[in-house]
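Both complexes shown next keep chain A, but they swap its partner, so chain B is in the first and chain C is in the second.
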Partner chain A sequence: MNKRRLSKITPYILILPFLCMMSFVFAGGLLQAVVQSTGYMPVFGMYDVSLRYYVQLFSNARFMSSLWYTFYIAFVSAALSVSLGVLIAFAVDKSRSGESLSYTLYKVPIIIPHIVVAILVIQIFFQTGIISRILFALNIIQDATDFPLLIYDRGGIGIMLAYLYKQAPFVTLTVFTVLKGLNKKYVQVAQNLGANSFQTVFRVTLPLLAPTILSTFLITFAFAFGAFEIPFLLRSPARLTLPILAYFDYRSPVLAHMPAAMATSVTISVISLSFIVVYMWLLRAMTRRGMEGGGFL
Partner chain B sequence: MSKVRIENIHKSFGGNPVLKDISIDIDEGELVSILGPSGCGKTTLLRLVAGLETADSGSVFIDGRCCDDIPARKRGAVIVFQDYGLFPHMTVTANIEFGLVARKENRALRAKKTAHMLDIMQISDKASCYPHELSGGQKQRVALARACVLEPSLLLLDEPFSNLDTNLKDAMREFVSDLQRDLGITTVLVTHDKEEAFMLSQRVAVILDGCLRQFDTPRQIYARPRSIQVADFIGEANYISGTVLSGTFSCFLGNFDASGRPDGSARLMLRYDHLIADPDGGVPCQILEKKFRGRTTTYRVVTKHDPITEMYLNSPIDTLQPGSSVFVSVSAGSECVL
Partner chain C sequence: MKALFYVWVFISCAPLLVLAVMTVSTFWPYPALLPEIMSWEYYYHVFVQNDQTLNAAVTSILLAVSVAFITLMIAVPAAKALTHHNFFGKDFVKILVLLPIIVPGIAVTIGNQISMIRLGLTGTFGGVAIIHSLFALPFAIRIMSNVFEAVGNRLELQAAVLGAGPAFIFRRVTLPQIIPGLLAAFTLSFTISIAQYVTTFMIGGGRVITLTILLVPHIQGGQTHIAAVYSVLLIGAAVLSLSMMEHIVRRYYNFENVFYA
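And now, the complex of A and B:
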């Protein structure tokens, strides 16, 4: 083998262990889920291969309601996380000359596990939580039930608060890193051409950050769409997100529910993967327009 | 009244003085170059005028108005940056329109002005391109168009030609010179390129080590530098030692006018171009070395009666050989006693 060809395949050889793991854990698991979702489960004596479980799912009101609910939770929490995260990134960037506290403080929630965040949210926002108790002590509410139901609520506010707490710092970390590296000369050029701060942010800085903001939105959306523990701990008994629905079907003693659980899992995977495809496509389109930012043209 | 008045500007970064007591007056419609080596503070001076930096002391006046408290966006002084600073996410048209949109000019007027600028800059065919699709020269035209469309009271050019290759550089210098004359915009050009400063400007401010050493016409800066530092920076200078007595400088090359100079030892500065290899006579010299430079040839010579004084001269003649003798004379009126 000549040297050139070897150097070409070296990177692939180097990532081979990772690829093996990925294909075994992810692709293998997904393949099995796809096969089982068609109803082919020889262990249980089920041999008929068909798409009827998908047809049943998409004509099932419970599944469809869960699908929209999951979309709603994921979209609203991603939108709020990105908005808040970007605002914090700008604030941290502004305070650059100040103390380094702001550099580290906003990263704390990234390290805290989701399950702890769920418990924190309950402790703070539940009807018997800290805020409610403070309001009670201040005589603003007379009873715990006067405090609005923010956890276990049908609107998923508790779930979104937990996501916001976890994901906004992630957005800040990503956006701030790019913002820091963004050529500040663009801001000076804009000011020099007569733009005020508002115009500079909306016409120059934010558009240059757009690819990063978009990618963090898609990542936080995809995560919230497929996440399990936070909706499981903070959900309303009446509303289920798709991963919880899949889990309940999977745990069901009725064997016939198993392919439905797998079909739900496959649906979640397909939606998440399609987000990655959209992300790659948008990123390529933006890079083509020279929007990768940073460089001064 | 001068268009721009820079008055006693001091500026330091981290305790290191970058600009020391700079004062310059620029007239309406004039093109002035700020010339100096890299790191001499010339770009800082330009940024101070634009309002992108704040002076430690001193003031900038534009149209008689003190700009100390006027933010960059309201000064009417527009910079064309060395690396152009075109917004990568905007088309050429959007880039040019940027300042007009910031001013909230109406759409029709904006389109008209932008189209006019595209036409002047000869880039109409690139109107819908993005910056990364343009060549260096085209990017520069867009940056110029974006500045000129605002009809600024002052145009500031920060080393605008340094990123261009030689041929394009010449073409763009010509273009900017014509544009400045046609539009009549008062312009300050920052450059480290002497030739560029001499070619384009009516007056040149030489800044060395943060101090304004001379502010004069290109011809004066070249032929009559006020100090050895300026003469050295412009380059290609011979220094001949001699003495001044009653307004006359004497050395082996002859006697030269030194009116106003105090009696005592002094040096005569002669550019390489001001010494002539003269077949009709002059000081007898011997050629030590020759260097062919295209348009001219530079000869290193030594005088026969003073073998330690070496001189350099530029000549259009390329046929003289090292070791041969030559007569050297001084071109009339070119001497400068320092």
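And now, the complex of A and C:
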């Protein structure tokens, strides 16, 4: 084989292990879920192939409320994480403490495991938690029951607090990296032309950051949509997010729940995949308008 | 603006202090701001009374190291292909890389459990390592792509022109240049693996016992203080093994500060 032909197949050889992993583990797993969601489970003597489990799901009040609840949690926590994260990115940029200790410390939540974050949220925000004790010491509340229920609550506040803690620094890190590399000339031109700092941020910097902000929003949204540990440990017994619902159905001893779990799983995957399509579409629209790309994706 | 940043740094770090206090607070009744009795009781419970703890710590670390190696062996060539080569379907592969981040782990794991049962991988160390690697891959490929972009391929081309073979080029030209990036990708993959719970639980089937497997029932049972001790152990194990790793790598390759990643 001559060298020229070898160099032509090189990239395919290099990418092969990744493609194997994606087809056998990732696609293989999803395909398995798709097959079983139709009710085809020969191991248990179930051979009927149909879409009835999907029909049942979408007419099931528990599933539908879970679906909207998951969207609500993902949307609110992603919106808060991105807003706070961008704000802190600006603060980091302004404080120019690029080398100092606090510049390292703000990244701490990124490496703390989700399970540990759940413990901390319980200890700090539960009715007998640290915040409640501080309010008691300040005479603002007279009893633990005066403190609102923020964990295991129907509004999912504890879950969202945990996401916020984990995801805001991730947004900051990504946005700040792009912010540092942004062409500062645009800002200088705007200032020379008499723009105040408010106008500079909203008319120049933020539009330049838009693709990055969009991509971090998508990642934090998708993560909050599909995460397991945090809603599993901080959930209200009355309301479950879709991944938890799928998990409980999957582990249920009732055999008929199995295809339902698979159908839920497939629904979660299809929704997540549609995020990517929306993202690609928005990104293309933005590049057409001359915005620079960047960010995690 | 500066004040906001420092407030945020405080919010990020203060919870770790809370975690540390939790592990030693034997008696901490409601309105008290600080624990009334402090002792090492919870540590005693975790390390002495439970003989599974140390095995679980070793399993967690071995698993995380294996995951990091598997991930790097897949991610490095993939990132190389995505940065310095053009090939049919490159854009498609770039989207594929994102999928394990976007598609929820539970959906992939539920489907995989059946395939893994068929392959006899359920309940095995290898099966768990494979599923963890899948979720570490996007991050590792991302880091390594940045690294290859920063390093470029001019030195490799130079070596090839001078007649060096691919294995020699990789060992003597590419590797020394990408070592700091490898370390970053290794660290991230390790951290992702050691924090996994539900994937370990489902694919490990109760036979691969890691620290998180021992930890979670304590949160559910309301024994958050014991869970806090396990958390300290989890974070400590990660920090310790990663700094050892960095130390070893630095003995063989002297490198300056990481300028990318």
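Simple rule for what comes next: the second predicted complex is superposed on the first by the 277 of 297 C-alpha atoms of A that agree within 3 Å, B and C clash if a C-alpha of one lies under 4 Å from a C-alpha of the other, contacts with A are read in each partner's own complex, and residues count from 1 in each chain.
Keep this in mind: a residue touches a chain if its C-beta (ideal position, glycine included) is under 8 Å from a C-beta of that chain, and two chains touch if they have at least 3 such contacts.
Note that the coordinates shown come from a computational prediction; the quantities given were computed from them, not determined experimentally.
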Which superposed partner A:Ile124 touches (first chain B, second chain C, both, neither): second
Which of chain B and chain C A:Ile15 touches, first, second, both or neither: second
Which superposed partner A:Val76 touches (first chain B, second chain C, both, neither): neither
Partner chain in contact with A:Leu57 - chain B first, chain C second, else both or neither: neither
Partner chain in contact with A:Phe232 - chain B first, chain C second, else both or neither: second
More chain A residues in contact [chain B versus chain C]: C
Partner chain(s) touched by A:Phe90 [first = chain B, second = chain C, both, neither]: second
First, second, both or neither for A:Pro169, with chain B first and chain C second: second
Which superposed partner A:Val116 touches (first chain B, second chain C, both, neither): second
First, second, both or neither for A:Ile151, with chain B first and chain C second: neither
Contact residues of chain A, present in both the chain B and the chain C interface: 296-297
Touching residues on chain A, where the partner in the complex is chain B: 185-186, 188-196, 199, 203-204, 207-208, 210, 289-291, 293, 295-297
Chain A-facing residues of chain B, complex: 50-52, 71-74, 77-79, 81, 83-89, 98-99, 101-103, 130-132, 139, 146-147, 150
Contact set on chain C toward chain A in their complex: 1-2, 4-6, 8-9, 11-13, 15-16, 18-19, 22, 30-33, 73-75, 77-78, 80-82, 85-87, 93, 95-112, 114-115, 130-131, 133-134, 137, 141-142, 191, 194-195, 197-198, 212, 215-216, 219-220, 224, 227-228, 231, 234-235, 238
Touch list for chain A against partner chain C, complex: 10-19, 21-22, 24-26, 28-34, 36, 87-88, 90-92, 94-95, 97, 102, 105-109, 111-120, 122-124, 128, 130, 133-134, 136-137, 144, 165, 168-169, 218-219, 222-223, 225-229, 232-233, 243, 246-247, 250, 261-262, 265-266, 268-269, 272-273, 275-276, 280, 296-297
